[in-house]
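In the two assemblies presented below, chain A is common to both, partnered first by chain B and then by chain C.
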Partner chain A sequence: MRDKLTIGAFQTSALLIILTLAGITLFLFREGLPALTQAPFEGLVFAVHPENLVQNLSADDCRGLFQQNLEWSVVGGPSVPVVPIHLYNLERYVGNHATPAKIKSFLDSVARIPGVIVALPKEWLPASLRPIEVKWSAWGSLFGAVRWSPTYEPLPEVGIWPLFLGSLWVTFLGLLITIPFGVIMAIYTAEFLPKSLYYPIKVLWEVVAGLPSVVVGFWGLVVLVPWLQKFFHLTTGETALAAAILLGWITIPLMASLTEEALSNVPRLLVEASYGLGATPWQTILRVKLPAIRASLLTASLLSAGRILGETMIVLIVSGNAPVIPTSPLSPVRTLPATLAAELGEAPVGSYHYHTLFFLGLVLFLLTLILNILAYATLPSEKST
Partner chain B sequence: MPRSLPKRVPKRWGEATLTLFTAAISWSMLVALVGVIGFLVYRGGKVVSWDFITSPMREGMQAGGIAIPLVGSLWVATLALLIGALLGTATGAYLSEFSSKGRLHRLIELLVNTLAGIPSVVYGLFGLALFVVAMGLGASILAGALTLSLLSLPILIRNAQEAFSGVSQELKLASIGMGASPAQTFWRITFRLAFPRLITGYVLAMGRLLGETAPILFTVAAYYLPAYPRSPLEPTMMLPYHLYALITSGTNVARTYPMAFGTALVLVTLTLILTIVAAVLRFRLKKRLHV
Partner chain C sequence: MRYWGLLLLLGLWGCTPRELITIKGSDTVLPVSQALAEAYLEKKATPLISVTGGGSGVGIAALLNGDTDIAMSSRPLKLAERLRLEAAQRTLIEDTIAWDVLAVCVHPQNPISHLSRENLVAIYTGAVTNWKELGGPDMPIVVYSRESSSGTFEFFREHVLRGKDFAPSVRFIPATGTLVQSIAQTPGAIGYLGIAYLNPTIKPLAISGGSNTPVLPAKNQAALASYPLARPLFYYYDRDARSRLAAFLDFIHSPEGKAVIEKVGYVP
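Entry: the complex of A and B
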């Protein structure tokens, strides 16, 4: 009886792990996929002057009109100046000073402006304005655009490329630091380190890997960022490089310990054969051991990449957070996780912005998942030897 | 780590230079760490005092101490550790002692590895969607603790697995041989002998949990809430987010930065102590078990 109870409890707990991952996947899809099916202006209607002949507009053209950098004549309308009027949160005003009757007469006067374009809640559309159709392409907005300004109402710009490429760029730069330093430290630790220093260096690695990222980011902001600014004569030191240096640094321990483990598992036969042929220690390391652990190196690099890709606070603090496609290590960047951390607190639950952020989370989740699967798929079975 | 071959001293100049170079690179890690922590001690040391740690903040966030976020952090991390330790140890016990090492075992191990690779901010999203919104807990200590407990599961599971499988097989078999049931063997032998190493894992996890920022952003942490939490269903301030708030609020940098340095120093000291204690304990125990 007690046996069954104990084992049953443990088994249930193990099954919870499956549930957790299933839950994470489910909720990310559930909250993220509406970004592909919904339009940001649900419940709103766009309307123009009755004599305006435009039937429908693309979301980009409509945004252009609202931002007044597009003329009516370009989209087939009359040659009158554009008068955009934002009334998408009209409801907020009802009740205070504005009675419904007052709003009605206001809307009627709006309808007399020839070049007007109005965004307002459906139920407030007066007969004097003519509704037009605005085509929102979810895929086009997410993947076809290069600008990210998700709070611009009523037509946000949610191109994920700057964030996606920003993440990849920081990860790439970070790996340029992590991989060489990690491998060198692993070689030193596995091959040359006095035995008495083995545990101390492992503790050192754990400490560096365990530093709270917000503290590392803060240090970067007050020390590293000003250095970079002075050294490269920049207007601001908050760059992809600053983020990459710090991220690379805190990921070195992961790379180093995985590589060190692989190095000390190289089959003895190979090493003895190499020494037997008269090779020196370094010849053995470079020509025998490193080639022998190629696969493990790839695994370690992929896992490190996953770690860097997902780091949030450091990037948020030191990378400048400009959602532009990065062109050099010295350009400011914004990554997927940093965007989530910066914006999710402000996005109302269930709004288009909220779903878009979950979509970014989903992209990030799938990216790290792929990296992990690749890492374990390339992991050789040398562990058993 | 067993070393199969005797150390060879490099003979040629080039080789010696290479070795020296790798040594320099390796120990530069220590230099960098000392640099970072030394800087925090230098700037934060002037601010941190007993008073700073034990008094609540005043004048917005510009004066006073960090008692409230400190208490909030300890609440959340402790609750998260309780939940995580329970589930993690049980799962570790299952994987190490009771599973039939078949397909299910491999699946769960794969999932644990996968969970370990998921970015912490994604846990935050999940916590927001499930605990805060779907379960209606709101931004609260409980929601944050549940989120963090999931985050800590991979570390705790692996640690428990190592702890249980580190107990000598002979003892377990001897117990079975004397007629003890698997559960009796587990509770009386395996669990008791693994206990010190389990504790080590909990300490390490606690260190990690205290420093996590991204998962608590949307699930528990309040930007400014100058009151001690009274129930697990309330939001609270927490150290990492408080530090972030101090860095970025930026209304009066001359006054908030010293507070930020103090907070950073306290936070880093806490995690440092926990990490080092755990690491030293672990390596001590490893040595003892291997000999």
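Entry: the complex of A and C
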């Protein structure tokens, strides 16, 4: 009876956990996928002066007009100055507390300017203006652009490449630190550490792994960043390298304990055979043990990569956060999780910005999923050892 | 054993929270709200006041979702936000609690002492990338901005860039404290922040708007008129919640409250 109850309790909690995870995943998809179908200016109509012959505009050209970086003549319009009016710059002209009547009369007066282009809700559109089509390609905007400026109105830029490559770049650089140091730590603790020191050292690792990342990040900003700046003669030390060093450092305990576990599973037979042939302990480690745990090392590296990829706070503080495609370890980077952390709080629920951020979350989720599947696929089976 | 449940209930009743006001939003308004809450609680025990930052956008979003009583904001509600409120038939009260002066700061060793608004636009849109182009030393400009969730960012984009977009090389910093640290340790840095955060590790610049003479940011009424980057700080709350918040709001506008605001570094 008691056994049955216990088993039932375990089954129920396992089921609950699985259901919660499935729920979270579904939510991520539900909120992220609209970024592929929705346009950021839903509910807005673009319109121009009736004598302007432009029929339709690409999103990029239209953005150029609104930023006044582009002349009408370039896109086949009249040779007059561009006058962009949209919901968000209206308050510059009519004030923040304008009544609907005042807004209406202002819009009617701008409708007479030959170079005007407006982006307004349908009900506010002055009747004399001629609506035009702005072509927004969801895939093109996400994957075909290299600028991330998601709050620019009325046409945000949401190219995910800088963030995606930023994440991969930091993860790659971090692994360059985690893997060698993790393996060295593992060999040292497993093979050379006196038994009396073993547990104190283990506890120390756990403490390092458990440090709040905001503490590590701020330490990095105050100590590591100025140091990098001096050492490399940089204009600022807030770089991918700073983030990678810190992330690599906090991931060493994970890499080391996974490696150590694998080392302890190397069959005694192999080790004793090696000693029997007259090999030194060092030779045994390099030539016998490490080759024997190759597959486990790959698994450990992939799991470490997953840990680095998902870390948020440290990169937010020390990486500079500029959304540019990284070209060297000394470039600033903005990663996927840092972007989510910085922007999700202010994105109105259901807006295009909100869906785009969840889409980033989805990309991050898929990346992590792939890493974990690879990690389990490379896990050595019982037979191979 | 069967009385445990009863005991538990009694215990819960015993620690029913005292009345609580939550204030959320702008990091710029955060220090003044904290100081006001502390000063208020020294006098009266209730209601408790909980203050959290995150940025103006975060506070306003929380107020719209009903997650906070007061949203603190360093920018007025956007027209679009007002229209959304109107559609939801809610009336918010806008309470100007203080004035802030935005300081544009550089590293203390940077010889540049003043810039025009046009210079700032050129720097933040990436048209100018070296201090030497502005009469300074040959040193790349490291441009810092607050994250897009902050009202300071919105104010700067609207009043300095006037709708132009930030260059992609601009570094976005999630909190003002971190921004001060970054400017202080980066010789080529430039960044903007509320004057209350100024300290001797960074150097404020005199700013000229149009053809005026450059003016240094200062914490007084005169600065509000002559300095181009002064802005009001707001509390927003639901009209229906006013009676519950009245004691605290009255305290803010009392001479005592004004003294606290002045001490934090804003103009009441």
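Observations, loosely collected:
Rule of thumb we're sticking to: the second predicted complex is superposed on the first by the 355 of 385 C-alpha atoms of A that agree within 3 Å, B and C clash if a C-alpha of one lies under 4 Å from a C-alpha of the other, contacts with A are read in each partner's own complex, and residues count from 1 in each chain.
Simple rule for what comes next: a residue touches a chain if its C-beta (ideal position, glycine included) is under 8 Å from a C-beta of that chain, and two chains touch if they have at least 3 such contacts.
This structure is a prediction, so every number in the text was calculated from the model and none was measured.
For the composite obtained by superposing both complexes on chain A, the positions of chain B and chain C are in clash.
Contacts of A:Y152 after superposition on the shared chain: chain C is touched, whereas chain B is not. In the superposition on chain A, contact of A:V225 is made with chain C only, not with chain B.
Looking at the shared chain after the overlay, A:T235 reaches chain C, while chain B stays out of its contact range. Of the two partner chains placed by the overlay, chain B and chain C both lie in contact with A:I317.
In the superposition on chain A, contact of A:G77 is made with neither chain B nor chain C. Counting the residues of chain A touched by each of chain B and chain C gives the higher count for B. Once the two structures sit on top of each other via chain A, chain C runs into chain B at 222-230, and not at any other stretch of 78-86, 186-194, 222-230 or 276-284. Taken together, the two structures place residues 218, 221-222, 316-317, 341, 345, 349 of chain A in contact with chain B in one case and with chain C in the other.
Listed in rising order, the residues of chain A touching chain C in the complex are 66-68, 87-92, 96, 98, 147-152, 162, 218, 221-222, 225-226, 229, 235-238, 316-317, 320-324, 332, 334, 341-343, 345-346, 348-349. Residues of chain C touching chain A in their complex: 54-55, 57-58, 61, 65, 76-80, 82, 139-140, 142, 147-149, 158, 162-166, 168-174, 178, 181-182, 185-189.
On the chain B side of its complex with chain A, the touching residues are 1-5, 7-8, 10-12, 14-15, 18-19, 21-23, 25-26, 29-30, 32-33, 36, 39-40, 43, 86-87, 90-91, 93-95, 97-99, 104, 107-108, 110-115, 117-126, 128-130, 133-134, 150, 153, 157, 181-184, 186-187, 204, 207-208, 210-214, 217-218, 240-241, 243-244, 247-248, 257, 260, 264, 267-268, 271-272, 275-276, 278-280, 283.
Within the complex, the chain A residues that touch chain B are 2-3, 5-7, 9-14, 16-18, 20-21, 23-24, 27-28, 30-31, 181, 184-185, 187-190, 192-193, 195, 198-199, 201-208, 210-219, 221-223, 249, 252, 264, 268, 271-272, 275, 280-282, 303, 306-307, 309-313, 316-317, 337, 340-341, 344-345, 349, 357-358, 361, 364-365, 368-369, 371-373, 375-376.
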